[in-house]
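Across the two complexes that follow, chain A remains constant while its partner is chain B and subsequently chain C.
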Partner chain A sequence: MNNTTNNEMPLLEKLQKIDRRILYLILIIVIAIPTIWPINIPNAPLPMSRDLWNTINATPPNKIVLLSSTWTKNTRGENQGQMEAILNQLMSRHIRFAISTFDPRGSQVALNLVNSVAKKYGYVYGKNWVDFGYQPNGVNYVKGISVDLIQTVKRDAVLKKPLQDLPVMKGIRNADNIQIVVEISASSSQYYWIQFLKPGVKVGFACTSVMAPEAIPYYTSHQLAGILWGAKGAYDYEQLNVEHHTGDWGSGRQYMGPLSAAFGLVILSIFVGNLAMFLSRKRTRQ
Partner chain B sequence: MHNWEIAQGNSIWLALAGVLLVTFIVIGLLTKLPVTLRRPLLSFLVFVSGLFYALEYFLPTHMVLDHGVQVPENFLTDLIPNIINPLAQDLSALLFGLGLFSLMRIHFNNVVRQRSGWVNSLALLISTLSMMVFGFWSRANLHHPRWVDQVYHHLFDGVYQNMDAAMFSLIAFFILSASYRAFRIRSFEASILMTSALIVLLGLSFGGVITDKVPDYGLWSNFRIETWSSWILNIISSPGLRAIDFGVGLGGLAMGLRIWLGIEKGALFGD
Partner chain C sequence: MKITDRTIGIIAVICLIPISFGAYLYYLRFGQNGLNIFLGGLVTLAVYSTLYRENPIYRFAEHIYLGLAAGYGVVIAWSEVLSTQWYDPIFKQHQWLWLWILPLAIMAYFVFSKKHSWISRIPLVILSGFAAGTIFQGFVSQYFPQIQDSFKSLRPTIYTLQNPDPTPAAHILSISGAINNAIFLITLTSVLTYFFFSFEHKTKAIRGYAQVGRWLMMIGFGAIFGSTIMTRFALLVDRMYFILIEWMHLGHPII
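Entry: the complex of A and B
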């Protein structure tokens, strides 16, 4: 027994004091392998993802969907897949939509993504979709469009034309003509919509994984019509799109393999770290 | 493609110059005010601004037909899109400008006086100015050479966006290091926390692989990892977060009232 314990000691000490650069190297390898050789993780869409998909899919012809794209490339692993999947659904179902952002950098990022998806579906700017641009003052913007969308936004952000002159805005006057506002965000900007949007207008939230838990109370109280939870949410939405022929696989499924591998490594590292601590304590007591 | 000048006309420059002039005059007058008068003036402005929103929210509404849609309004509601929103947009733009001016001044002084880390300040000045010049040149003016668009594209999409993504990605390495070194089960509470975290983590990643053969309908669905994960989030975590939100909300309300009524110590000029 004593011999065994003595043999464990160097290994335990090594495990307790492992160089962090070795951990970093392991992480790089673990993420690189499923990135180079993609693996498909079985998935069951969460109810909150399904609810958002159903709400957008039920958009009648006389309403638009407003995508508030408050994200930049630092969270593209999660938000880009979500927005791409939503855009695929909107364009394949010929739903009119508008984009806006609360982040000055988000405007260009959203435009790049919408333009790339629009090419695939032949969506035309001004006719099928419109950009409301950067909105620096969230509270007044949301309160304003609740009353008069045309007067609040005035001109689109690309052509700089009066909003009422664009065919996409035909019959759209205020928040009553919006089927749902989807806040695609890396922060807690969904509160603008929850707090200040006209009651009765649905709000969805596509967020990073760290932001999702604090949004759940609003989903269970039906203040949010649905939530896309990080990369898993993007994968869910793509799966729903594929099942209903409203889109194809994208970065959501592509990133799920490396993400799952990284999660597995985190779980393993917690287990090994604790095991080393327990065995070390046991040896000390003996 | 229309450009800004074509869409708005040359009068926009006159309007901008006028707004800037008025702003400088107002700021100049404010700085000339005796300190004893500044606080009551700002308190009054804060109170009036807050009062507008309170009255707009609480005053009774009547239904108005607006472009074929019945909208509940009172006499203040229309002011939001017509006056308050443009005013708030202008103020936000002015604050951006003020922040930019302050940032540039500090870093310009760092470079001129060659203070410690002045090279970083120089990098900031060059980055900011180049992005501003090529951004405005590319966006606000229709008649510009093609290379201007290319430079802007390389600066924003090629450099900035990728650096932004790279910085954020570094978090993954720290999470792994922290989970290995710091996440230790030393108590009963810590073991509950870790078990919950493990189930939620599995539910959001490859948990489906483990319970893939378990049917996702009827009683059997209760044995799937995703169900456990959803149960923890919706039944355990959600009420806790809601309780925290209530506390934060009440605190925010109390703080908001104090600032609005001008009784919060230190809210205006630190006195």
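Entry: the complex of A and C
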């Protein structure tokens, strides 16, 4: 009995003092396997994702959707899947849309993504969609488009043409002609819209998971029409798209397998580490 | 044998030869985009090398990133802000009134003068005035609906456990929804009690209720921390996808 105790003691202590590099290696292996050989994780879309999907889907022909793409490659894992899913829905439903950004690096990232999806649907710049470009002063921009979108933005960011000359802007004057503004963001830029957009215009929020708990109170108080919660939100939106034939699967579904495997590893590590600690303490007391 | 930083640096420089050859092959096979992905993969590995330990390869990648970001910032400051918002309106559209901003902006640089640093406060005061007015409007729009929404009903509108339409816009309150609202009200009042410092928490009931608020905050922080982990892992998964699928072509990109 004593021998067993002596043999087990170092193991319990070792479990609490595993080199972090070994844990990193295990984590990489755990993520790599389902990345190379994908697995499908079942999913049920959240009501907040469904609300956003329904609001965009109900866009009438005389309105546009404004995507404020304030993310860069830093948060590609969550925001790209969300934006791609929204773009699929917009283009498959032939909805006119505009993009803008509050991040100077976000402009090119958004443009590249829209161009790649637009090829699939034959969307033409200037006719079906337009880029308002980087907006350095968020407050002025939001307050300005609430009153007069054309005078606030003046020229598009790609062709540098006056907005009123572009066919996509036909009948669009101010925020009343916007069905919904969707802030796709890795920062707190949704507050520009919540605080300063004309009351009555809907705002959606596609954010990273870390920001979602902070955003939920604004959804329950109807200040946000819907939320996409990180990678899970992207998966929700893709599922809704597939169910309604408005898009395909993308990175949201692709990443959910490795993500779930990583969560499993964390839960297991916490369980094993704590169990080893309790057993170790118990044996020390004995 | 301990590997020094100098050894790592020398190995990295030697590795540049096969890396350059690899980049050329990538370019031949996949074009410009392939070359971008190849360089992106290398930099990703260089940054992740710090997980093993701090090293010159990591610092090299870090400095490249900082240099690129600073250079890009300068270009954007001119091309997207100063040029479009100030220079073009004045010198191309002849809106000369915009010139008044120039002396105001120059005043800000007096902060470097010991004798005339007071001048730098003038633009600051003007900006503060703008900000104060804006923030007041923002506060009202942001928080008043929140206060309004904190008055929640505790009486269900339908006596079923499950809500057939759980979206807030539906205004349907099931039994479970009423329980949620009760939890919300307990959380709100108990946390406010915990942070109520105008009088001492003398009675046992108030101390206990404040303690409940503290525990509920801890649960909230735990949930927020869980979401933080989710974000970090999603970013890691994306980088792994980039390296394994887009860079090394080890799997199929679509399920």
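Please note the rule applied: the second predicted complex is superposed on the first by the 281 of 286 C-alpha atoms of A that agree within 3 Å, B and C clash if a C-alpha of one lies under 4 Å from a C-alpha of the other, contacts with A are read in each partner's own complex, and residues count from 1 in each chain.
Throughout what follows, contacts are C-beta pairs under 8 Å (C-beta built on N, C-alpha and C of every residue); 3 or more make two chains touch, one makes a residue touch a chain.
Note that the structure is a prediction, hence the values are computed from the model and not measured.
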item: Overlay on chain A: chain C relative to chain B, clash or fit; value: clash
item: Contacts of A:24 with chain B and chain C, given as first, second, both or neither; value: both
item: Partner chain(s) touched by A:263 [first = chain B, second = chain C, both, neither]; value: both
item: Touching partner for A:213 - first (chain B), second (chain C), both, neither; value: both
item: Chain B versus chain C as contact partner of A:230, first or second or both or neither; value: both
item: Partner chain in contact with A:133 - chain B first, chain C second, else both or neither; value: second
item: Chain B versus chain C as contact partner of A:249, first or second or both or neither; value: second
item: Partner chain in contact with A:78 - chain B first, chain C second, else both or neither; value: second
item: Touched partner set for A:167, first chain B, second chain C, both or neither; value: neither
item: Contact residues common to both interfaces of chain A (with chain B and with chain C); value: 24, 27, 31, 47, 74-76, 105, 136, 139, 209, 213-214, 217, 220, 230, 232, 259, 262-263, 266
item: Chain A to chain C touching residues, read off their complex; value: 21, 24, 27-28, 31-32, 35-38, 40, 47-48, 50-51, 74-78, 80, 104-105, 107, 133-134, 136, 139, 191, 194-196, 199, 208-210, 212-214, 217-223, 230-232, 248-251, 253-255, 258-259, 262-263, 266
item: List of chain B residues in touch with chain A within their complex; value: 1-4, 6-8, 66-69, 71, 73, 77-78, 80-82, 84-85, 88-89, 91-93, 96, 156-157, 160-162, 164-165, 167-168, 172-173, 175-177, 179-181, 183-185, 194, 198, 201-202, 204-206, 208-209, 212, 216, 224, 226, 230, 233-234, 237-239, 241-242, 245
item: Partner chain B, residues of chain A touching it in the complex; value: 18, 20, 23-24, 27, 31, 41-44, 46-47, 72-76, 105, 108-109, 112, 136-137, 139-141, 143-145, 147-148, 151-152, 155, 158-161, 173-174, 176-177, 209, 213-214, 216-217, 220, 229-230, 232, 256, 259-260, 262-267, 269-270, 272-274, 277
item: Chain A partner contacts - residues on chain C that touch it in the complex; value: 51-52, 72-73, 76, 80-81, 85, 134, 137-139, 141-142, 145-146, 148-149, 166-169, 220, 223-224, 227-231, 233-241, 244-245, 250-255
